[in-house]
Amino acid sequence: MRNYTLLGTCPDKVGIVARITGFIAEHGGSIIRANQYEDIETRMFYMRYVVDANTLNMDAESFRQAFIPIAQELDMEWRLTDSEVPQRVVLLVSKLEHCLADLLHLWRSGDLPFDLACVISNHEDMRRLVEWHGVPYHYVPVPKDEEGKRAAFDQTAQLIDQAKPDTIVLARYMQILPPWLCRAYPNRIINIHHSFLPSFIGAKPYHQAFQRGVKLTGATCHYVTEELDAGPIIEQDVVRIRHHDTVEDLVRLGKDVEKTVLARGLRYHLEDRVLVQGNKTVVFT
Amino acid sequence: MRNYTLLGTCPDKVGIVARITGFIAEHGGSIIRANQYEDIETRMFYMRYVVDANTLNMDAESFRQAFIPIAQELDMEWRLTDSEVPQRVVLLVSKLEHCLADLLHLWRSGDLPFDLACVISNHEDMRRLVEWHGVPYHYVPVPKDEEGKRAAFDQTAQLIDQAKPDTIVLARYMQILPPWLCRAYPNRIINIHHSFLPSFIGAKPYHQAFQRGVKLTGATCHYVTEELDAGPIIEQDVVRIRHHDTVEDLVRLGKDVEKTVLARGLRYHLEDRVLVQGNKTVVFT
Amino acid sequence: MRNYTLLGTCPDKVGIVARITGFIAEHGGSIIRANQYEDIETRMFYMRYVVDANTLNMDAESFRQAFIPIAQELDMEWRLTDSEVPQRVVLLVSKLEHCLADLLHLWRSGDLPFDLACVISNHEDMRRLVEWHGVPYHYVPVPKDEEGKRAAFDQTAQLIDQAKPDTIVLARYMQILPPWLCRAYPNRIINIHHSFLPSFIGAKPYHQAFQRGVKLTGATCHYVTEELDAGPIIEQDVVRIRHHDTVEDLVRLGKDVEKTVLARGLRYHLEDRVLVQGNKTVVFT
Amino acid sequence: MRNYTLLGTCPDKVGIVARITGFIAEHGGSIIRANQYEDIETRMFYMRYVVDANTLNMDAESFRQAFIPIAQELDMEWRLTDSEVPQRVVLLVSKLEHCLADLLHLWRSGDLPFDLACVISNHEDMRRLVEWHGVPYHYVPVPKDEEGKRAAFDQTAQLIDQAKPDTIVLARYMQILPPWLCRAYPNRIINIHHSFLPSFIGAKPYHQAFQRGVKLTGATCHYVTEELDAGPIIEQDVVRIRHHDTVEDLVRLGKDVEKTVLARGLRYHLEDRVLVQGNKTVVFT
């Protein structure tokens, strides 16, 4: 079933839902799923409508044109997506395979629909796996010195730009993106951090968790912003650990949570269920 | 903040949401929360709207009157509840204290708002606890013979009817209600079953779980229907068990899940988040 | 069944288990449960043995006497507890009832066996509930000024000392204990912190969690040390939250996790399952 | 670190642990991990010892020889495994890729160490993926008629026998093995069932779960016995579902749980943590 998804946010006032659902009904549209949320503190309104495309008397482009005056009237930021136009994704990865392997499986099997433009890595390790999938693999090593780093990220950014992605996924990419690159794709770069943020920000979170003696460890899927590990959180989960678990056990147990949380968070994003609200997310599940 | 909650279900067609939200907007109503769900198989539509009562130009009774023609037009079953009119509840309990104690605490502290009409029990054990709370306690022993049983349930039903409850909660009441009593309060009698249904229906589920060697045990909060343990499920949860756990350990671990699941399921019900759909529930959380 | 539980820790070397289980076997003791753990980093050994008291040819005191030379030989810190001598507990609470109510229920029903010496509070709110249980209630207000505070904690410490407790539980006691009081009861003061530590240390963790937009919130049961919220963690758990949950919702959802985590952590402690290892815990479940 | 793992079960009596740990200590063995469990009902004793191989004054074969008289004395069923001799595994799969892909990743990356002898399937779908891994792929179609079925399972059994596996994994193999084949590898065939057993035994469990309206769905990893879906359970887990989830959503959400539960259960088995006790398992985690 072909659907259009209308996502929007605007200042709250009486009659928004009536205005929008009235517009959809006028054009014969059957609403499959609807979510609204009004933030009481900020008086902002967030919404997601999924409309059965076959019931509408217009196509996606006509819908967009017709919706412009309503959006202006409501002072709404919005977008309309088409379930038959999958998002275009670029994956970045370093040496750890578990998240990449899981995403490649979900892509290959069609369980998570998206267009995979290419994989970029600062190592060669994943080339064979990626190329077997028929996906271009770009090796861009990142040196430690400032100048080398800058050149590497220029090249990375160029490769990303050429791929024209909707979404960029850091599937355990162990480099910190420069601020200008974060800014270039706001709310479109997704990272998986291997801790239950805001615990254990930065390097070696499993070592930090081990030292602190926590009884649960976790993973956090979030949008990348200029501030390290501080962007809007999309999804989190945890796994129980025991006193006899070593750092290596934590790493292994964490891998399961990381891949699950990244896949779940990316699914929410690709299905247009996520709206960013300041440094938080509204996730319509 | 005083709210009105409008719950409804009707056959799906284009324009329902527009019709209803249009009506609310006409009367100045600000929608705080909205949920819709369309069941694709049955083509039935389910909805819940929470409206800020202070923004409306009418009171609850006027709302109900004004909504009647719309409901008829849409062939909708519906109800409008007022956050300042708490539901009236009757609790039934036998000898086990954990669920009762938790509900009494939630009631006493105001963490779960409802009016507690009375407690009915087939044992005297809980009298002191209940009466300390200033709540009437009715002792109705249930004999094993048919005639005695019938008389006991007649008396129980009479006590319930006199209390004029909106909702009846079986908080580990270890008797099977007669069918005529189940039918008298459709979708208004809530039971907590001490297993993860449909596993281990009937008596001694923890013994059954122990024998089968399951690795998780659970609890199920459901509406009571004539068929034992087969009514619409409102909420479920599980807890991990280990090979060294005895039946007594399962009972103890289960108590935590039972009280949590009952409190959660009852909250959904009292907050008018639950709509029954055949033998299933729509829960707008 | 009467049991003795032998808990111990010593530097690791070959033959410890053989030595101890040999000693128990010599005296006819049947081992019901045994746990050992060797920390690879520190080369320390931790153990817990539960022995069927009826199979032993000596009582607890004779066991202790006979075990002294073995403990010296192994350089072991140890204790032997008797299942028929329940621990003596003092509860401290402020105004929030949920943890106290849950512990009082577990105590009253015998689901968690301990001797409840008294409850101490800096408010009068919980007096009626506690006294109904036949438990002494001491009201010790804590003023804001340094001198008043010192006097209040002197009095609190005196009341604790008089009660001769094995364990002190801070069941949402909203005051920071002075360092000298923490030091007086090492690994015997248990606190429930209303966040998933080390996230959101200090005041108003639910507000902090709300601001950060986390998708799970949690609770942490830990031993109290001089450094705030930094003591050895005994147990933790989390609950899922949604974008529409307000701070008040977080507080309410958190209450369920707090009481569950405190009850679970306290059970581990009272059943002598917890050994402290530096700033971490070994929990033999 | 090279380890030997000693697994055993025998009738309980005083002195078993002392006898065995005494034997290990005599030979200089340092015990890394030890677990014992005494079943109170059956008076059977279950144990697992992990010994640092480098501390022992004998190799695995000499250990086995020296242990024979002790095992006879204790009437013990036992085995000693060597961490440097990984188990040999045969995988069976039909058309669904998620469990196979996950196990292949865990094998390829070394995250779950075992020797992969071959993959057998009643379909050709997974050939390309398996062969890319350099693993032999045997296609054995299973016809619907009795005679064809018998021939197919004869061939399957022959392929299994030739591979000389320690363990056989049904990674969503959608055929019921004949009883004689189940009997040939007792407690060595591991299946993943796509429901929370004993709920929804047999075919189409997600459809059954959908019809019943459960709020959680699950997966069960168990040993295969002659009775369908009734063998000893090794591991289970669940995932929350919502009223708006279709059967297809359940299938998708279930895939995550299935692969996680199978990987976890298989790990317990391959690490020699599982002992079968009648129709239940003792899992030393």
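Quick notes
Note that the chains take the letters A, B, C and D in the order they are written out, and that residue 1 is the start of every chain.
Quick note on the criterion: contacts are C-beta pairs under 8 Å (C-beta built on N, C-alpha and C of every residue); 3 or more make two chains touch, one makes a residue touch a chain.
Here is each chain with its UniProt name: A, B, C, D = Formyltetrahydrofolate deformylase.
Since this is a predicted model, take the numbers as computed values, not measurements.
Between the chain pairs A-D and C-D, more C-beta pairs are in contact across C-D.
Rounded to a multiple of 5, the C-alpha superposition of chain B onto chain D involves a rotation of 180 degrees.
Put simply, the C-alpha centre of chain B and that of chain D have 41 angstrom between them. Chain C and chain D have centres, each the mean of its CA atoms, that are 37 Å apart. Those residues of chain C in touch with two or more other chains are numbered 33, 37, 40, 242, 244. Looking at the complex, you find that chain B touches chain A at residues 12, 14-15, 17-19, 21-22, 24-25, 28-38, 40, 55.
Residues 37, 40, 196-200, 212-216, 218, 232-238, 242-244, 246, 277, 279-283 of chain A are the ones touching chain C in the complex. Those residues of chain D that touch chain A in the shared complex are 33, 97-98, 101-102, 105, 108-109, 111, 132, 242, 244, 252, 255-256, 260, 263, 285.
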